[in-house]
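Heads up, there are several structures right after this.
Both complexes shown next keep chain A, but they swap its partner, so chain B is in the first and chain C is in the second.
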Partner chain A sequence: MSKTKLLALILAAAALLALPFTVSGAWMDIANQILLASIGALALMLLTGFAGQISLGHAGLLAAGAFTAGILSRELGAPFWVGIPAAGLTGALLGVIFGLPSLRLRGIYLAVSTLALHFLVVYLGGEYETRRGFSTGILIDPPMVFGIELWDPFAWYPVLLVGAILTYALSRNLLKSRTGRAWAAIHDTEPVAAALGINVARTKLWAFVITSAITAMAGALFAYYRGFVSIEAFSLFVTIQYVAMIIIGGMGSLTGAVLGAAFVTLLPHLIEGATRYLPTGGAISGSVFAMNYAAFGLIMIAFLVFEPGGLMGIARRLKGRG
Partner chain B sequence: MRDLEVDAISLSFGGLQVLNEVSLSVSKGEILALIGPNGAGKTTVFNCISGLYRPSGQIRFKAQDIAGLRPHDVAALGIARTFQHGEVFARLSVADNLMAARHRMIRSNPLTELLGLPSARRQEREHRAEIARILDLVDLTPVADMPVTALPYGTQKLVGFARALALGPSLLLLDEPSAGLTRDEREDLAHFILKTRDALGIAMIWIEHDMQMVADLADRIHVLDYGRSLADGPPAQVLNDPDVIRAYLGTTGD
Partner chain C sequence: MQLLANIIVLGAIYALISCGYVLIYRVSRVLNLAHGELMMVGAYLLLTTAGMIPNPWIAIPVAGLLSLAMGALVYLLLMRRMTGESVLAAILTTIALGILLRGVVVIFFSAAHQYPSVPLGLHASSVEVLPGARISSLSLVLVVVTALVYGSLFAFLRLSRWGLRMRAAGQNPLLAAQRGINLHGIYAMVWGIAIFTGSIAGMLISLDAGLDQTLIMIGLKAFPGALVGGLDSLLGALVGSLIVAAAEVLLIQYVNPLLADVVPFLILIAMLVFRPWGLFGTREALDRV
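== the complex of A and B ==
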């Protein structure tokens, strides 16, 4: 590791440790949302940015994890340490189902088939809510983690930080070993990979299983964090946000996934802040949501056209210049 | 007993007969050059052997019928190949291209890899040591950690050759390894091919257009023309066969 890299790492670690002591509760909440989004974005980055498999089922998988944790907590009073792995198992199982179409389909056709599964999960979640009479959603009590009740953003921060760092570290491990190389190989060219001994079907299925498990666990964390699960929270827009994170961050980079997660999470707050300084004053504050959608679309198009390498591409160019 | 026996394979795409009862064979330690005009079906024969196409007829490798096996199962038997345009894995470094070809031999699974368990790390180390030897054999050690796309075309094709060796093959299929290479690179390649044969004693089928190289290196030549086997024999005999000269080399004796 180079000296500058080590220094950057130390500074980042110091900033992450100092953060809870310097920010308000509202900003702590935003930081937590970035950490949650990072876990989901890392998973999607592994699947799309590394293994080359397109999926529009991300919100469906988050929902599956959130509902697994919610239902287990509500129906059986299951604790956090049961809910999270159970969500991971649900995700792994769904990963097999989400992954099966990838053995026959690719590109846009694969995307549409994963989209169908998204709607299936959302339908099942909605059915559960109505049947059980939780028409507005499921309430979850604050979980106990290592004897601490996680009831405010400050208590959550260390848990989510460890979760995000673990996801990053484990993803890196995987990418630097047999499975990660096989993903790169099938991403480049499937027949060549196959002729060199790589079982393409099995490699794709593993990609879906592993990333779906991580995504579902991120969904479960989200449910615990919010203390509330409702199927409305998992619209297709959520999927689009995650796709935006990996595009904006920079395809094929784990750090890019984290940067993209931060960017997309912060965007509505930046827009809201900006509207305050517009001469129209409060007149358009009601349309922040619509503006967020529009800004989102524009930024995604801008990145695809002008900077396909995403934020990481920009960073690499700056570094090359310096 | 021949290592590989291709026995009367035929293949057609729609109405187009690409291969018509092609038979050839190669033994351990032997270099068989496969020559013929463009479109004669040379690469198609390779694609049939490596399981990408399914011809009629039989393909036996060490007495086992391999026609119909999936490509990765064929590779698992020790049949490795290179591709006409290198087809290296662009997202990986030179060393990792070779490591990717050791996929079938590395004994770790996604869970042990995720957690970075000692067993997975030991496997990684052992196979890295193995590919270091192969990189050394073909003089690629200085560029081992470079992204493969940063290398010139000729070097990329050499990476493709080394990647095939990394699979630990007992049969090597080389698809025009010298095409697009400079004179110096060709000489290096010829040297590496002979070195590989002598060091590993494996069978090779080698598609080649450079008749000088073929005459110098091949133990035997098999000629394809319009999907048919036209001639088979030692270089001196085949290259002077009037049919071969007419079909391939041209009447002017180019």
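== the complex of A and C ==
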């Protein structure tokens, strides 16, 4: 590790540690959302950016994790330390199901099969809500972690920070392992990977299982964090946001996933801030939601067309020039 | 009998929408996931023209021509740049376009439920089509239009010079280009036709049931029909749409109304497991993606 890199790392660590002491509750909440999004984006990056498998079912997996945690907490009073691993397990199982089509299908066929599974999970969640009479959603009490009740953003921050760092470290190590190298091989050319003795089917399924387990745990964290689960929160738009994160961040880069997560989470706040300074601010503030959609679509198109390497691609180019 | 009529109407809706997916996929190998949004924009174009010219015989064709131009422009301005990019990038571009359009539509037309039939002075009446089965007169129009659209598409692709070029471009773009076929022109044309047919569906649905963002979901639910029939087969889209519609109507009737939004996708999963290239599709299509 070079000196500048080490310095940057120390500075980043200091900033992350100092953050809770310098910002308001609202900004702490945004920071927490970024951390939550980073976990989900890192997971999707493993699958799409490294193993080369398309998934449009990310929101479905988040929903599955959130519902696992919500149902366990509501129906059985299960604690945080049961809810999170249980969500991971549900995710891993679903990962096998989401991954099965990938053994036969590629490209758009894989995309639509995961999309279909998303609708299936959403249907099951909605069905559960109406059957059990939680038609507006499931309430979850603030969890206890190491004897501390997590009820405000400041208490949550360390937990989510550790979660995000663990996910990053796990992903990094995975990519350096045999599995990670096998992912890179099947991403490049499947027949060659098979000829090299890689079990393509098992490697693909692993990618789906690991991604789905992490994603479901992120969903469970989201549920605990919000204290509330409703299927409404997991629309197709959420999937698109996560896909946008890894594209905007830059395919094939873990740092890119985190950058993308931060960008996509901050975007609505930036837009809201910008509309306030526009002369017509008052007139269009009623359609902030629509502005978000439009801006989001526009930015995604801009990245896809003009900068397929994402933010990391821009960073790399700037570095090359300097 | 009523159930049969419902199946045919829903099947016609799905078929009219899903031919757009098939056309674009067959000719340019792109899956257009913004089809639902573009079809909604087509319906809003009708709302606009109806507001200016309150005559259905002018407003509807004008909106139709505008949506044809919109489809061609989407290709020329956006999708053309994605040529040679990965499958994922092309799909995501269409998704991003869809998101953009959702926002733009709300900014310009608001999210309220609106009725383009009001300025046109159209009223849907109930027609008895089969003994004991009534559908709205606009649904009847929709079934007839679907039949006309499919008839003319078959004729166009089989018999006309441009249809031949389209099929050639779909089979082998490189050879087609070598023979002097202007690929960009062909692709722009097929996008135009696909969005035109989708928009016609959007307009007819909105004349019958009003217009808001739920139209997007109908557009997306029509996709499994295209896939069940085989993504590169027009006949398949017709048959697939009817199958999906039949399953949806029957399951809602006899099992659970909440299933409405999920049935098409269940069928899609089943199809992908057992016969991913669809009923009438070509098997090679799987390897080409």
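Everything that follows uses one rule, which is that the second predicted complex is superposed on the first by the 322 of 322 C-alpha atoms of A that agree within 3 Å, B and C clash if a C-alpha of one lies under 4 Å from a C-alpha of the other, contacts with A are read in each partner's own complex, and residues count from 1 in each chain.
Just so we're on the same page, a contact is a pair of C-beta atoms (placed from the backbone, for glycine too) under 8 Å apart; a residue touches a chain by one contact, two chains touch by 3 or more.
Just so it is clear, the model here is predicted, and its values are computed rather than measured.
Colleague: Which holds for A:A111: it touches chain B only (first), chain C only (second), both, or neither?
Modeller: second
Colleague: Check the residue A:P191 against both partner chains and state whether it touches chain B (first), chain C (second), both, or neither.
Modeller: So A:P191 only meets chain B here.
Colleague: Which partner does A:M291 reach: the first (chain B), the second (chain C), both, or neither?
Modeller: Second partner only.
Colleague: In the overlay, work out which of chain B or chain C sits against more residues of chain A.
Modeller: Touched residues of chain A are more numerous for C.
Colleague: Please work out whether A:R178 is in contact with chain B alone, chain C alone, both, or neither, and reply first, second, both or neither.
Modeller: First partner only.
Colleague: Please indicate which partner A:I247 is in contact with in the superposed arrangement: first for chain B, second for chain C, both, or neither.
Modeller: Touch partner of A:I247: chain C, not chain B.
Colleague: Quick check for you: in the superposed arrangement, does A:Y123 touch first (chain B), second (chain C), both or neither?
Modeller: A:Y123: touches chain C, not chain B.
Colleague: Now for A:L170: first (chain B), second (chain C), both, or neither, which partner does it touch?
Modeller: In the superposition, A:L170 contacts chain B only.
Colleague: For A:N199, is the partner it touches chain B (first), chain C (second), both, or none of the two (neither)?
Modeller: First partner only.
Colleague: Please work out whether A:I54 is in contact with chain B alone, chain C alone, both, or neither, and reply first, second, both or neither.
Modeller: Second partner only, chain C.
Colleague: Find the residues of chain A that appear in the contact set with chain B and again in the contact set with chain C.
Modeller: none
Colleague: Can you tell me which positions in chain A touch chain C when the two form their complex?
Modeller: 48, 54, 100-101, 104-109, 111-113, 115-117, 119-120, 122-123, 126-127, 130, 237, 240, 243-244, 247, 284, 287, 289-298, 300-301, 304-305, 308
Colleague: If we count contacts the way the header does, which residues on chain C are in touch with chain A in the complex?
Modeller: It comes out as residues 31, 78, 81-82, 85, 87-89, 91-93, 95-107, 110-111, 223-224, 227, 258-259, 261-262, 265-266, 268-269, 272-273, 276, 286, 289.
Colleague: Which residues, counting only chain B, touch chain A once they are in their complex?
Modeller: Counting only chain B, the residues touching chain A are 50-52, 70-72, 74-76, 80-81, 83, 87, 89-92, 96, 99-101, 103-104, 106, 108-110, 113-116, 120, 123-124, 163-164, 167.
Colleague: Can you tell me which positions in chain A touch chain B when the two form their complex?
Modeller: So the residues of chain A in touch with chain B come to 170, 173-174, 177-182, 184-185, 187-189, 191-200, 206, 210, 252.
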